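The following pair of complexes shares a single chain, chain A, combined with chain B in the former and chain C in the latter.
Up next is the complex of A and B:
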């Protein structure tokens, strides 16, 4: 036992050394900053988005982001599939009566958290944020509600079959929207929308639309994952 | 040269996470270590191209402010989403294992599987 853990420490040290070596090799890149120089020089003009990170992942490298959304969807599907197979523990977990403090603070906090999520989604092309982070913030706000009110109370407000249809419908809409330029005999993933004034809400071409769709998708996905875990356990 | 920067902290965190991943027997702690490793990689990628006078790559107007490189920040997004996917799925598998073997100890689970298969 002692010997195996000793050899594992040695292996770990070697792996860390490899990691450091890779880092040292990339140190030549450090300070040069040439990888993103074209984006800094032309990104805002070409895409119309003030946030260059959004401009890269929703315009120049949209293909990458589409597959990322697919990875996210597959993860949500996997969580739902494997947890639905098991019906969860038989014995009812005793419901802990939530305190007044949690209920009141959840009532106070949920609207601003949800609003912040929507703001992050809508202004993703102008400021830090975007569909992924905004959707997660809004979904986590729902988790707060589930902690305070009980997950079943929150879940009853959603029609689950409709939620599932909406989740896959949004994915379909994103993919169709990305492929839609084909209809106009252009390459897929081309941004056909006007660029707008840099810094205004209606700028950045289709980045805003992608952000809204991704935000909705991530919001639903986060809630589905959280609710699958909660339902499996019985109660928070 | 300042030795306490994002890259060195990322190396230390990577080592801690890797050690936890290999040495700890508890599956949940293994997953937490995996998250730590992922976080250290993100920290490393983002701080690799940091500069002291850098500003966030958000264009406020014409003119060349010293923006930091937006490319690694955009690529790190994939790492974050994939980390979420891996952690969520791995937690589900840990839950299934716990349901069957009633322990999160990886060695005891291995032992019980060996006993189940039998000679």
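Up next is the complex of A and C:
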């Protein structure tokens, strides 16, 4: 009885908070302040990236993003470290028989999803997207394959130790790459690469390279997390 | 503007839906729906980058990881052998009195019931290994075992000792060597040697076969069917006992028993 009334209080409080939020969002929205105006005015010219969001987080605020990648790596490490303590399901887990519907839809959906992921990574500086979201989309596509074919079938195609080395190798490359301008005493960062024509794939200088590296890193990390969960918490 | 407000209005509704679900899977799917609508809101607020990330991570990846994480905790694992009337496979469904009791119990807890049919003597092993939460399938508790807790009996029964005539003096460990109950039935049908102890429900099923040539002895004492739990699952044991009490008091248990043992 006490638990019911407690959850009622929580639910009511949430309802009130959400209602206030709706009211504020509807009537109190004033638009962005003027704080970012200089970036909006100069961003595209200075960085060569048509997508201002990419210009901010991979150029002006690159070091913020760098630490975010580190956070992601630590999260992946945590999942791997903690789940390694739990014993994996070695005995035969009753497997769900392969469904023709899932199989066929995975065959149909995997190529476009993976392609979308790559597109989001490569065109992150021109249109919405970027390494983080693109890598996750591609990783989710792989997840779909794991659901349809069984995780072990997909995992067998990857060499696990090599994957791990690649993951940390990519992180190292990102770090070295981000620190190299300081070592070369050259700021801002885009100076290392030509900016290119605004709107073409080669524009944006180093943003494209960062996006590709981050995309690869997130893709591997997503797979590692999901595969650890599958192996230690039960078959899909 | 109207679309954005409508979607924003949906958000608290779905949040409440997810919060009030007892079944974990439903709550996780509610969270996924929340993320999906939130990503649409981001899109309408002219933040496509955030919308894509929210859809990929919030709606797809996190939902999936939650589903994997609750796979083992969100269900009540039951092991037991087949018993006519108590736990019986019918096509791809399992029916019976114990199945019905456990189904109402798992619904009460907000868990998904998973029943695995295993040979009788493997039930204790599975419980001790932690592979299952509850042992069922016509378990009759004859002596106290310090490793297990038994619930109060939900149905009175009797025990019958079956032995092939002329094979007296069998060592006790040769009893119950046969695996599934269907194997026992098969052995009786082919007049196999050896002996076994059967409870009432199984004995009724076995007595439909020709029992000539077997010495049948009813064991003295009063017995009843119980559910078996390991000693470290004291809280689950208490809850199941309380649930059985509740079923007995509001007459649901009698109703179920009537349905299967009219």
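The rule we apply is simple: the second predicted complex is superposed on the first by the 191 of 236 C-alpha atoms of A that agree within 3 Å, B and C clash if a C-alpha of one lies under 4 Å from a C-alpha of the other, contacts with A are read in each partner's own complex, and residues count from 1 in each chain.
Heads up, the rule we're going with is that a residue touches a chain if its C-beta (ideal position, glycine included) is under 8 Å from a C-beta of that chain, and two chains touch if they have at least 3 such contacts.
As the structure is a computational prediction, the values presented were derived from the model and not from experiment.
Asker: Between chain B (first) and chain C (second), which does A:53 come into contact with in this model arrangement: first, second, both, or neither?
Answerer: both
Asker: On the A-aligned overlay, A:21 touches which partner chain: chain B = first, chain C = second, or both, or neither?
Answerer: A:21 sits against chain C, while chain B stays out of touch.
Asker: Could you figure out whether chain B or chain C reaches more residues of chain A?
Answerer: Comparing touch counts on chain A for chain B and chain C gives B.
Asker: In the overlaid three-chain picture, which partner chain does A:132 touch, first (chain B) or second (chain C), both, or neither?
Answerer: After superposing on A, A:132 lies in contact with both chain B and chain C.
Asker: Determine, under the contact definition given at the top, whether A:230 touches first (chain B), second (chain C), both, or neither.
Answerer: A:230 contacts chain C only, not chain B.
Asker: After the superposition on A, what does A:143 contact: first (chain B), second (chain C), both or neither?
Answerer: It touches chain C, and chain B stays clear.
Asker: For A:109 in the superposed arrangement: first (chain B), second (chain C), both or neither?
Answerer: neither
Asker: Between chain B (first) and chain C (second), which does A:175 come into contact with in this model arrangement: first, second, both, or neither?
Answerer: neither
Asker: Is A:7 in contact with chain B, with chain C, with both, or with neither (first, second, both, neither)?
Answerer: second
Asker: Just to be sure I read the superposition right, which of the two partners does A:120 touch: chain B = first, chain C = second, or both, or neither?
Answerer: second
Asker: For chain A, which residues belong to both interfaces, chain B and chain C?
Answerer: After superposing on chain A, chain A residues 11, 15, 19, 26, 51, 53, 128, 132, 225, 229 contact both chain B and chain C.
Asker: Spell out the part of chain C that touches chain A in their complex, as residue ranges.
Answerer: On the chain C side, the touching residues are 4-5, 8-9, 11-12, 15-16, 19-20, 48-49, 51-53, 56-57, 60-61, 64-65, 68-69, 71-72, 116, 131.
Asker: Please give the residue numbers of chain A that touch chain C in the complex, ascending.
Answerer: It comes out as residues 7, 10-11, 14-15, 18-19, 21-22, 25-26, 51, 53-54, 91, 94, 120, 128-130, 132-133, 136-137, 139-140, 143, 222, 225-226, 229-230, 233-234, 236.
Asker: Name, in rising order, each residue of chain B that touches chain A in their complex.
Answerer: For this pair, the touching residues of chain B are 7, 11, 14-15, 18-19, 22-23, 44, 48-49, 51, 56-60, 64, 67-75, 77-78, 80-82, 84-86, 88-89, 91-93, 95-96, 99.
Asker: Taking the touch rule as given, give the residues of chain A at its contact with chain B in the complex, in rising order.
Answerer: These residues of chain A touch chain B: 5, 8-9, 11-12, 15-16, 19-20, 23, 26, 29-31, 33, 35-37, 39-40, 43-44, 50-53, 55-57, 61, 64-65, 68, 71-72, 74-76, 78-79, 82-83, 86, 126-128, 132, 198-199, 225, 229, 232.
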